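Below, each structure is written out as structure tokens.
Below, subunit A partners subunit B and then partners subunit C, in two separate complexes.
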Partner chain A sequence: MPMVTRPAFLPGLPNWSRKTFFALALAAICFAFAFPVLWLILTSLRPESGVYYVHRGTEFTLGNFKEVLGQERIVEAFINSAVISTLATVFSLLVTVSSGYMLSRFTGPAARMWFGTIYVFRCVPYISWVLPLYFVVQSWGIYDTYVGLLLPHIAVHICFFSWLMKGFFDGIDPSMEYAAMIDGCSRWGAFIRVAIPSALPAISALAVLCWLFTWNEFLFALILTGNRVPVITVVMAQFVTEMGLHWNLMAATAVMALLPAFLIALFGQKYVIRGLRI
Partner chain B sequence: MSASRRPMFGEQQRFVLLLIAPAALLMLLFQVVPIVIGANASFRDWALYNPKKTWIGFDHYAAVISDPAFLYVVLPNTFLFMVLSVAGALVTGLALALLLNRPFRGQKLVQTILLVPLMVAPVVAAIMIRWIFNDQFGIANVVLEAIGLEGQPWLVQRWSAFGIILLTDIWLWTPWFTLLLLAGLQSLPKEPFEAAAIDGTTTWRVFRYLTLPMLRPVIVVCVVIRAIDAFRTFDIVWTLTGGGPGRSTELFSLYAYVLAFLNLDLGRGSAAAIVGGLIILVLGVVMYRLVDRIAKA
Partner chain C sequence: MAAISLSKLNKHYGSLFHAVKDVDLEIADKEFVALVGPSGCGKSTTLRMIAGLEDITSGDIRIGNKVVNHLPPRDRDVAMVFQNYALYQHMSVYDNLAFGLRNKKTPEAEIKTAIDRAAGMLGLHDLLQRKPKQLSGGQQQRVALGRCIVRNPQVFLFDEPLSNLDAKLRAQMRIEIKRLHAEIPTTSVFVTHDQVEAMTLGDRVVIMRDGRIQQIGTPLQVYGKPANKFVAGFIGAPAMNFIDVTVRSAAGVTSVEAEGLRLTIGPADAAALAIHSGRRVIMGMRPEHLTLGSGAPGLGFDAHVEVVEQLGSEILLETRVGGATITVARVPAESTVARGDQVRLSAQAGRLHFFDPETELPIS
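So, the complex of A and B:
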């Protein structure tokens, strides 16, 4: 078998120097990407007195985390964010997998209209409907409740995830489903027993993204909740304005807000890359 | 003929409708209804402290469209931000996707590090960046001073603040491009690349004449999605500068939010939101046409 050699990167240079150059460039890129987070972590580990001279001191402490975890409102915000993200993921998937399946498998006027609707609503800036949503949610009596935050979250995921889901199902050959239907499966049976299992990598990718998006979301939470349902992004933003000088506490909260997202993304990255082929 | 009553919808139609029913219902309740109410509010004198709700026609629209802050600061900012943010994240994202697509030692680790910003909430990112560019204690100024330059009050000058917002956004969204483009790269057929390698084609030509054209549909979809999102950016600007100094870094979402919730004028806020919504809708439709044409070409 003939060896297929890749065309040289930076031709004309000796091999070892090319490799070193490559490694150095890679290290620099990684550093640039990770630096803000690293700096945040470093700040979160400093005592208040050292935080303004982070580059000089050598003192480290876990006191900030202890102090932050002692604040009831922050702990509550973490729990709320986790619960809402998880519920939003489950329900968004239920709703968007079927809607994406419809978009992919049917071509009639109904499907075209639905796709048009989804595209148009995907374009509407959040602020244009979150602003009056504030009034809707208030008049329905679900302002500042779990439900009042959860349902709009699911609604906002519909457009984007239906679209992505359509792409995934487009990539899956429907002949297996037809075969199942000829063998006596109903349409629902073919959808649930054949199409969904073969789309599982894509569905896992969506689950990861959906969870991250909900966890990180800010504008909805800012407008649709008041005091009773604090979520972590809003609490952090309030930190900036109200306790602007306690950078060490803020950093500790931010690091904790990063942690679950980091874990989810770390374990989910395989699925995301495999699943996200549009 | 015996009229055996046929059901109103056939089995297939029922299936199709049931598949989209939950999504459609949710969208109706939480998107359509609010938008209708917002449209209604935009024609009324609807201030939160004094909701008279009298019909005043297009007054709010006239006020928004003739507001110099909206015309000469907010709109240019929003468009500039949209173009630069998408271009920046696309170029970096594409470069990184190409990098990750060739195997090398430590590739998994690099990939994980490059995906870090994806996990960071925009609010958290904004807090970090604010701290890094803090004019008294921020590391950016410490480094500048250490090499003999003067520290800058980064976030209280218009263009440096704008630049920092932009950099933060590009940092946040590059992994998003990287992910989608990497997934796209990995699903490209192998044969043309092998043929090119046997012919000894240069890396640049492979990229220019093979990778780029084949990747085009994915690129276009990414760009459209991100452009629409960039137009409505709120959280990082809100946390980083709050639109300041003055109102010089205000983007469209902030403008509408400030009108509605800080000036407590829901009517005018809604009108502003609708003006922006119409702008992006037109842009969205144009971009969609473009996507269609490019994807088919």
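So, the complex of A and C:
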């Protein structure tokens, strides 16, 4: 491959000033992203009386967290969110992995139809599914149940993540599977014993994305659940009441809801990035 | 061990693309056959049909005495080496080698013996615990060969296995494959676009173009008696020179003429050429059959040297004869020839080829 040397950015400037420029630019971008989160954390540590003057007061408290965790409904919402996210991830991956594989390896009419179906689903704006889904879920009698929220989530995952999965499998050399078929595997055997293990980094990255997608999802949860199955994103919004806004409590809940994403960023980032690069 | 027989084999992709056309080929037990041709000629598709990786549209494939048309690859008892090695990336070299035998539920002790033997042959002992990613291209291809050997299949299939290696390694691996075939004589089909590989490895060479077999023969046959102009140009490096000439017969002497060139044809070719008298035919001369100097009477011609390629062992001269015709000659490395020189080249009687310009078939 020919070597391509990029022309230096800001030519003519000494090296140190170029470095300073990049450092400042990076700091500015980081700040723009981090500021709302930092403000959220600050708010979650202030008493209710201080939320509008977060930056002024000196009184800090963990009371908000204590109060929030004392509410049974919020604890229940955390558990529900975690369970639904996990189940949605497991079930959607079961389909997504094989559907992505099919999209990548097969070109027959079935594959083309599946491709077209997914494509159409992806073209329709996310929000326009909510109302029909509400009616379907109502008529099936699964409104405000685990299943009633899980099924739409799994469907959305399949549509969105089959494409990513196809991309991963496109990057894996199919001759490995041919070799396996000659070495004594069936088509399915080659898929399960050779293709899936090779795609494992990508599949784990996808699992993380799936999980976070459902954990953070608000719209479906808002419309398709009521009192029986509280989930964290909906419960968080319910601090906006007729009696006023409990910003401090909302912030404390939000900080806790951020934890999974934060932990992944902290420990799993390397694997997610590596997986997405396959 | 088994013979392979392909009869009236066809492969269509959709209604538009006819990739393999009426291929008939008999490969004897323990024979090493090289399928060669330019890209898109159907050679890889043919191989993949033998392997069972590609459905056949019509025709029959027999391995041993069994028709295997609809058998899945795993039931055909073949082993295959791929261009990009196709090693199982998530397994160690040992597990890669063991994969096929484990699928056959072979006892681990037996697997170990088979792997030891293959590793010994291929010098893989130090690599057994490594992952494929930690190996060089040459080492990976040796593992891929090992994976075939341990299974002791009826047929080895090679799909351009040396194409991803650099020139030096390719030559080494070529020798290694040849040595392996001598040690473990197994029916082998070797697909390549490189005619040197095909000629050096194959007991017989099958030349394909546009889905059709052009010629089947030993390396010497396809080199010495090419079945048509395509084969003549494809086999041999540098390629054969083709010159449009007009046949003249006068006073019992047959000669061919082009601008700046007039060669007297020996009695062997003259008889066949006589009926083409006054017509144009294509004359083929291999670069290695041209010599510097006057040579035999009636076979010399003048050429203008345009490019001199010194290879150490020999010199390739690219010359212009008459107005336009480019002719390459292989001459001894010590020859003192420079660009711009006017030299005398001479052809060898009996080493000239003639083709009908319409059918491109040899005139003989």
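Throughout what follows, the second predicted complex is superposed on the first by the 257 of 278 C-alpha atoms of A that agree within 3 Å, B and C clash if a C-alpha of one lies under 4 Å from a C-alpha of the other, contacts with A are read in each partner's own complex, and residues count from 1 in each chain.
The definition used in the following text is that contacts are C-beta pairs under 8 Å (C-beta built on N, C-alpha and C of every residue); 3 or more make two chains touch, one makes a residue touch a chain.
Model, not experiment: these values are computed from the prediction.
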Subunit B versus subunit C on the shared subunit A, clash or fit? fit
Should A:M176 be classified as contacting the first partner (subunit B), the second (subunit C), both, or neither? second
One more residue to check, A:L258. First (subunit B), second (subunit C), both or neither? first
So, A:I142: does it touch subunit B (first), subunit C (second), both, or neither? neither
Let me test your reading of the model: by the given contact rule, A:W188 touches which partner, first (subunit B), second (subunit C), both or neither? first
Check the contacts made with subunit A and report whether subunit B or subunit C touches more of its residues. B
So, A:V83: does it touch subunit B (first), subunit C (second), both, or neither? neither
Take the Cα centre of subunit A as the vertex and report the angle out to the centres of subunit B and subunit C, nearest 10 degrees. 90
Touch test for A:V75: subunit B only (first), subunit C only (second), both, or neither? neither
Regarding the shared-chain residue A:Q269, is it in contact with subunit B (first), subunit C (second), both, or neither? first
Superposed on chain A, how close does subunit B come to subunit C by Cα atoms? Whole Å, please. 10
Which residues of subunit C touch subunit A once you look at their complex with the stated criterion? 51-53, 72-74, 76, 78-80, 82-84, 86-90, 99-100, 103-104, 147, 151
In the complex, the residues of subunit B that touch subunit A are 11-13, 15-20, 22-24, 26-27, 29-31, 33-35, 37-38, 41, 96, 99, 102, 104, 106, 110-125, 127-132, 134, 136-137, 139, 142, 171, 179-180, 182-184, 186-187, 194, 197-198, 200-203, 206, 218, 221, 225, 228, 231-232, 234-235, 238-239, 252-253, 256-257, 260-261, 266, 269-270, 273-274, 276-277, 280-281, 283-285, 288
So in the complex, which bits of subunit A are touching subunit C? 173, 175-176, 178-186, 194, 197-198, 200
Once bound in the complex, which stretches of subunit A touch subunit B? 2, 4-7, 9, 22, 26, 29-30, 33-34, 36-37, 39-40, 43, 51-55, 94-96, 98-99, 101-102, 106, 108, 110-111, 114, 117, 119-133, 135-136, 151-152, 154-156, 158-160, 162, 187-188, 191, 212, 215-219, 223, 232-233, 236-237, 239-240, 247, 250-251, 254, 257-258, 261-262, 264-266, 269, 272-278
